[in-house]
Each structure stands twice: as structure tokens, then as C-alpha cells.
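Everything on this sheet refers to the single structure shown next.
Labels run A, B and C following the written order; every chain starts at residue 1.
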């Protein structure tokens, strides 16, 4: 008995007479155990520290004004917007996995789509904080919405910033709806396995009384397909609208027609990197190696490679057309990025986004969980720097040399950025603890046991 | 007509016995002409008659075009523009095919396997495209700036904004690039076709070929992306050498994907009407092609809108002039036609799954979109003529017909030589039994 | 295969039969069973599975749902709504030019058109799905069947309701037995679960609903009524600053004015203008005839005077001071009849006017010419007068007044 209690309960094989029961047990026990694994506590503690730093810095900014950031002419838009684009980008991978891979019938997505969708929601929450606080008077956000007000004024719908309001709101709403809908059958599982009244009632309410009727599954499946079909162009549109924030301007380095698909590819790139960054520890510490297999990691790494190459293509196009166009401001911008005062940021970006991910061409690298994790982290860093390079270097040296300036972040800038990870990880770890981490119903539906005959897709 | 009987022996890899469509049994190993279906897999006389007819029509149409072109007495300017539109339209199909076979290999797609050989044949027709390119490339090299003003380097040097581009936009470098594009495409398409045909007669189960093709497809796609982009820059964007757009390669690519999916649907329908591949390609495959046409209609609109809106919004004269010329008078009408007929109407038309699963309606939309792609290319290139109104003339029709017919002739010629289904591919049973939700 | 009558202890066995439930271990079994029940012509029956079983729609004869139509309608509503919203707010209700773009900028409206289409479609899809599925469904007779809890785990069920016209106790049971289930169980109507919401909850909800209206009512009242009180100002936003602005009331002073006049008998530091010659152009009671000592009679001063003359004086008086400036020319062309032309400053009487008087007229206004004293510094006014003298001299001089080298250029 003593030996058994030393064993990490998540490492043990799941209980169940057949594959379906094993899947149920493997996933449900994570939320049902009295104590989560020790790694969870350590991560949660760390996340809480960052969360406190986050709320502290936000409070400081709202109280004192945004002058406490390094944002200053000419770099009038810096860390907050970089962080916003960074977090929204990370969110896109979840929707891609849920919706786009569903439409492409990539059934391997069922192992990761649930926590990827959760990641999307939390990333969008982190992202949404930044436009909220960086507007200078965060107690007037209703200006952004078409609400009748005492000034009889309406928002300016011709502005990409207004499009952003609608795009991000829609994205947050649709992601939450899609995520929730996916969880209904799994909430039913939790409800039916609940041992305490509190759990039974809580999961019962959110399960809406789901009992697995096939007639209900029929409508449910259609709704899932429709939401996937809606979410696919939505995810393309959201980051395109974010890119419009920059591309509609006349600033060299910003005004490029390829920005929309370039940003979308970059978002998926960074988002998948975050998914693998979360997947590797999750499968390790929650005992999900049978569900999230090396094959899943390998496929995700291939997506990372593909989107990384798309991003590299866009870099190349920008550079070539800057030369081809003959615009001397445009040409200077690109030379300046590589050799000017922000060259350190630029080369960080290139090594992290273009060079290092090429390691995944080698099977040994892309099939190794720890290499996967390492490159995932590297790509996240690279993608943050990509937004920084685009936004801050273009602003710091634009048309008039007398207006040039060098942006330096203040400690509050850095604290807000680091702290936002606190919010993200807190929410994510709570999700792991209390909500179904893997889409059990979907995994069962595509497991071999469900396909014992005649099913070729 | 070589009909093959089904071999019910299974390699034991895939559980056989799909009760549903088309007699999908496990493929027999090691027998070249065995198939997973009892279908006719060869073009034979049908192909020969198509070849002869298409070649005849093509030669006649091109001759008529040359005659009409000479009759314009403008040093072939009108002819070149017309021909270029037809050429780049045809290239959306051929280039789209090259992309299509590469991507199917990269993602290890199962459903599309029954279509693969047909796609490979369209792709490897790039040799014919290289020949069809001569009426554009030769005059350029001989110094006739019919479409491309930059071919006149003296004029380039005289212009402040153009002279620095001479390093890129000169006939010599253009020719080198052109040879590279077509050389690479020729190599890639033939690699896939040869490997694929070789797989038919492979002694083992064909999986080694699958892996080899997949390994090549990855790096090849990178080079393809660059070649198709610069092809679009060189042939279409440079017609107005002062204009530029980083999105342009993606814009052309979107049309390529739309074109190939439409073409595959139409080609397979034609083959089935002639009694070939009758049961191998089912309503489920057509449904998927329909979904792709639908999806890339939206994608084309997205790319086109992004390119337009960003330039409209910033309102920089250097960039907007290109659009202004294309919005004036009947060019503007054509632009509206493109918005509604290339996007809005097909969007609603292809929304229903019944439309995608019905051969007649799918064929209708496939043809519709191919026509719209032609109008799109027309709208991109023709304004370089410097005319204020859309100058539709007979020569546009004859050049288009000529290019298309020669291409079809080339395809028919080649397609007669191979069987039209990759019978020895281990993924074939899944593809034959494919069911769409 | 085996019959089990398992009642939960509190379930009265005289509750009417709801239906017969069969349990299966594998999806193929429930699929095969479904086909049999469908073929037997039952209509009120269903299968229950932990995941959607492939092929069960067909096996049960389930028809395609109408949900996509809901989505389509919602999407078109969203699209139309977005167009209407953006047109009405920016092009009709409060039209407002931004960056020279059209009032109704359709390309700029496209992103929001797309987003609202998707938003409304998605919400309608989820809500529609719940409605079509009759969810939330808090209670169902099957909840009292213990084995049914495995439906969300790994077991498959088939239920035929007793209310089906083809239902017969024995025959239906036999039919189900023929499908080789792991178990068959009778399900009884639910007489335990209370169907109604607890009255306390209902009252609570009503109270909350009524209270929820209050803030909106208050807002409406505030919006449409007038009040003599000040507004409730939650975030001060530097709106009320503790300072007195010009032209406002200030109760500290007897005259209640915030704008204070200069105090009698005081002169601000640096403001003692004692030199009448310099500041007023007077020497004693007479107009000064010479320039004050503060002014250096140099090339630099003349240059300054020319420059300032060019700025302030030429619009009316013209470049040569002849009274033919642009303002005068325009007034002439308008010919409205009320225009008095500016003076030709090269006239004799002005040539003879003392510089001090000229200075005074420039500074304090004369006839239709406004006072330039507030606009032009004192030094500059004297410089202008120096230049005016030069202009006057130029009109009355002869060629011998020019230095020899300048004479040559006239030829």
C-alpha cells in the first residue's frame, strides 16, 4: 500500500474495461483527484506571483496615467499594443485546431482541441486587457461601442481600431460559445461521475441536462460543423483586422498589402508554439501521454514549421517589394531594422522565427517532447519580437530624421508583460483542475474502438 | 479499352470490405494494371480523338489570333495583351495543379488519391505551357516591349522612379528567371508523375514511393511558393512597372487554387461521362472539390479585398493610380462584376451541400468560376493598353480558345500513356471508400 | 439478455411505464438494434450514446435538422444590421468627415459587416441548437435508472417509449431481446422530481427582474428630464479645476470679477514707459521730429523695417506704399461702394508729417486703419517708419540721389 501511495496517481494506467471507459477515467481523474500533481501547485504559485505583479502594475498605470510607460513620441504605440497582438495571435491556434482542423477532418485534433480552445479564451482575455488600459481614460470604454450617449456621438466606423473592437468581441464570444458547446457532453460525464452534491449540481447545471440522445447528437453535430465553418473565416478575419491597425497607415514598414495573411500565419505560428509549450508539461504531469502522443506533437511541429515558412515568405516579400518599389523611406526602414539601433531585436526575431524552427526538418527533433518544448518557447519569444520590431522600429525612425527617437521600456512595461502570463497561467491551471481537459466524447468517437468496421476517411 | 477486374486479395494492411460505394477492396499488390475498382482506367481512343480535335481547334484559333493581331497594325501590342491574359489564365490551372499535387503529398491526404493521377497529368503539362509562353517571351527578348514597357531600357533609365529597377526588370534577367520557373515546374511535375506512375508497377505496396514523394514535396513547396510569386510579379505586376503590392503573389495563388479545384471537378466529370473512372470518383469526392471551390472563392475575395482596401485607405497616389485606372468607365463596371460574380453570387450558390453534391450544379459553378478568373486576369492586365473602356474583341476569344485547346491537346496526348488511377497506392482503399459528412 | 427490474428505493412501482431501455456494450450493437427498431415502424424512441455514433442518423432515420436555416437568417440579419448601423451613424445621423473618406465608406465598413454576420450566426446556432434539442432539460425519467449513468462513459442505450402506438409490453420486449442487449430494464415515469421551480426561487427571480429595471428607469429619467442640480460626476477627470477662468465670477472681490484690472497707481515691473519720445512719439507736447535714441539708424534697422512693412502694411498700402495693396484691389473689384481706399503714404502731407505723429497714428489707429500698437513691438514700429520715410524719399527723389554704381543699373 505504501508503495502505491508514492506513485503519481496520474502515471498509473487508467481504469476501465474498454477503451471508452479508459478514456473517461484518464481525463476525469484529473479533475476528480483530491490533490493535483505537485507540479500544478508549483506552477500555480508562480502564476499567482505574476498575477499579483500584473494587477499591481495595471492599478499603478490606471491611477497614475500612461506616462509611467516608456511610450513616448515618436514611438507612440509600444508595449501595450505589442502585447495585445501577441496574445490575440496566441489565441488563434486554438480556433485553428478546433475549427479548421475539424473541417479538414484531421481527427488527431481531438486530443488537444479542448485545452487549445481554453488557451484561446484565456489568451483573448489577456489580450483584451491591453486595449482597455492603454486608451488613457479606461473609464470611458463605452465610447468604443455604438451606445447612444449624451454627446449624441457615434464611434468612427472607418477606423481599424473600431473594427478591432468588433472583431475581438466577436472572436471572444464565438470562441466561448464553441468551447462551451464542446464541453457539454463532457460536463455530463463529470456530472454522472460526481460523488458530491456540489459537484453534481455544478456540473449538472452547465451540462444542461445532456443525456447523449442521438437525436440531440444530430443537431449538436450540425451546430458544431456550422460553428467550425463560421470560426474558420472568423479567425482569418480577426488577425487580419488587427493587421489593418497598422497596414492602413502610411508608415513605411506598416503599409504593406501582405499584412493580413502574414499576421494570420504568424498568429497560428505563435499560437501553436504556445500549444506545444502547454501540451508537453500537461501530458507529462497529468498522465495524458496515451492521449496526447508523440504523433500529436510531431504533427503540431509540422504545422509550426509550415506557418513559420509562411512568415519567412512574408519577410522576404516585404524586403523585395521595398527594394522594388523604389520608395526610399521603405528601403531605409528595412535596412534600419537589420542594422539600426534595434538590430538586436531584429536578429532575435530572425533566429527565433526563421532559423531555429528549421530544426524540425529532422525527425529526431520533432519527435522529441523536450525539443518541442524548447523550440515552442523560442518561437513565442520570436513572435513577440516580431511584433516589437514591426511596431517600434518603424515608429522610432520614420520620415523625418529630426523626429527619430529610441524607445526604452520602463519597469512597468516589463512588469505588465510578464504579469500577463500570470493571468494566463492562473486561468489555464484552474481550467486543468476543474474542467474537462480533453474532449472525451470526441476522442472516443474517433478511437479505433468506435471504428471497428467500414470507416475510411 | 483495358478494363481491369477487381482483385479481392488484400494486402492485409487495411481492413477491407467497405459495404458502401464503388467496390472498394484492398488493392492487390504487385500487379500493375490491377486496381481497387472495376473501372475503366485508360483514356485510349477517347484520348486520341480529344487530342486530335483539341490540337486542330488550338492551331486554328491561334492562327486566327495571329491574323487578327497582325490586322491591328500596332506592332502586336493588342495581340500580346490578349495572349498574355489567356496565358496567365491557363497558368492558374497548370500552376494550381503543380501546387495541388505537392500539397496532397505533404499532408498525406487520403480522400484525394483517386484524383491524383489526373492532377499530375495537368501539372506535367507545364512543358506545353513553356511552349505556349513563346509568343510572350520571344518578342520580349527580341526587344519588342509590347506589354512590358520596361523592356525598353532607355525609357527606364529616363524615368526617376524606374531606373533603379533596371537591375531586376531587364530582358536578360527576366529570361533567366523565366527559364528557372519553368525548369523547376517541369522538373517537379515530372518527378511526381514519374514517381507516381512508377508506383503503379512497384513490386511492393507502394508505400516507399509515398514517403519519397512526401519528402520531396516539403522543400519543393518552398521553391514553388517563390516561383509562382515571382511569376506573377514578372508577368502581371510588372506590366505596370511603377506599381507594387506585396500581396500580389498570394492573389495569383488564390486564383490558382480556385482554378485547379474547378478544373479537377470538370475533368473528372468529363472522364466519367466517357465511361472512365465511373465508380472510383464518387459524389463524396465532388463534394470535397465543391467545398474547396467554395472556400477559395472566399479566400480570393479576402485577398483581393485586403489588397484593395489597404491601398484605398492609405490613399497614396503611387499605389492608388493602378486601381484608379481600373475603376474608370467600363473598367469600373467590370470591377463590380468581379465583386458580385466572382464572390457574392458563387458564395451563396455554393453554400448548400446539395449544390456541391449535384454534378450539374457543381459543373455550373466550376465553369462559372473559371470564366470569372479569366475576367479577373483581363481586368488585371488589359488596362495597360491605356484604353478607357473595356476593349473586348474577337481576338480575346480566339487567343483564349487557342491556348486552352493546345493545353487540352497536350494533356490528352500525355494522359493516353498512363492509367488514370494510382492503383498501387496503399491509401487507395480509403480514398475509394471516402464518405463526406 | 437478462431481465432486471431495478427500482431506486424511493420510486413507487405503481408509477406508469415510461418505456423499455436496452443497454449495449458496443456501438455496432446499438447501430444494428436501431435499424431493427426503425424498420419495425416505431416513432417515439431514441438511442443514447457517449459520443455520436457514425451511421446512427441513417440507422434511426433521423432527418436533417433545420438549424442551418436559422444560421442563414441570422447571418443575413447581422449583415444587414451592420450595413445599417454604419451607414446611419456615420453617414446620416452625424455625418463626419475623416481623412477625406466618403461619408459612407463602404470598403471601410466591410470588416464590421463580416464580424456582425459571424457573431449573429454563431449565437443563433448555439441557441438554436439548444432550443431544437429541448435543452436545458433538468429532469428526465431516465435519471432514476442507475445503469443509465454510464451513458456518458462507455455504454450505449436504446429506449422505446410506452406512448408509441406500436408499443406492446411483451412484443416490444421480445423485439429488444432479439437485438442481444446486455440488459433490458423498465423505465417508469418520474413521480419524485418536482416539476415546478421552488416558489422561493420564482419570487426571488421576479424581485430581481423588477429591480433590474430600476437602473434603466433612472437612466431614462435622467436623460429626458431637466434638473437644477449638478450632475453626478463619478470620475472627476480634471473637469472641475480649482481655478478662476477669465470672464467668470469670483466672489472674493467686491466687483465679483475674476478678471482683475490693473491696480491704481502701480506699474508692472518692466512696464514703466517713461520715454515719451520712444513710446508715444512726443517730445513735450509736440510731435517728435526725430527718431528716438533707442533706435539705431542703420542698414539693419532699415531692413527690419522693410520686412515688417512687408508683413503688416503691404496688404492695404501695397509694396510701394501707394495704397494699392491686395485688399484694396479686391475691394475695388467688389465695388460695393462703401470702401475708403487706403492712403498713399508717399503723398506730400504725409512726407511732411512729423515721425512722432506717424508713430502715433500707426500705434493708435487713424480713420479706418486699426491700431497696430498691440501687434507690433515699439522698436519695430519705429523701424517701419524709417522704411516709410525711405519710400517717401524714393518717390520724390531724382537719379542723382543714387550712388554712382546703382545709377548704372537703371539704364
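The criterion applied here is as follows: a contact is a pair of C-beta atoms (placed from the backbone, for glycine too) under 8 Å apart; a residue touches a chain by one contact, two chains touch by 3 or more.
These numbers come from a predicted model, not from an experiment.
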Remotest chain, subunit C as reference, centres from CA atoms: B
Comparison of B-C and A-B (more C-beta pairs in contact): A-B
Innermost chain, taking as reference the mean of every protein Cα atom displayed: A
Between subunit A and subunit C, centroid-to-centroid distance (C-alpha), Å: 28
Distance from the mean Cα position of subunit B to that of subunit A, given in whole angstrom: 35
Length of the line joining the C-alpha centres of subunit B and subunit C, rounded to whole Å: 46
Multi-partner residues of subunit C (each touching 2 or more other chains): 99, 101, 108
Shared-contact residues (touching 2 or more other chains) in subunit A: 233, 237, 240, 244, 453
In subunit B, residues with contacts to at least two other chains: 309, 313
In the complex with subunit C, residue positions of subunit B that touch it: 305, 308-309, 312-313, 315, 351
Subunit A-touching residues of subunit B, taken from the complex the two chains share: 14-15, 17-20, 24, 110-111, 161-162, 164-165, 168, 218, 222, 225-226, 229, 233, 244-250, 298, 302-303, 306-307, 309-311, 313-314, 316, 318, 429-435, 437
Residue numbers on subunit C that touch subunit A, as the complex places them: 25-28, 34, 46-54, 56-57, 60, 62, 64-65, 67-68, 71, 85-86, 89-90, 93-94, 96, 98-99, 101, 105, 108-109, 111-112, 114-116, 118-119, 121-123, 125-126, 128-130, 132-140, 142, 148-154, 223, 235, 237
In the complex with subunit C, residue positions of subunit A that touch it: 16-18, 20-21, 24, 137, 139, 146, 150, 152-160, 162-163, 166-167, 169-170, 173-174, 177-178, 180-181, 185, 188-189, 191-193, 205, 208-223, 226-227, 230-231, 233-234, 237, 240-241, 244, 441-442, 444-445, 449-453, 455
Subunit B-touching residues of subunit C, taken from the complex the two chains share: 72, 99-101, 107-108, 110
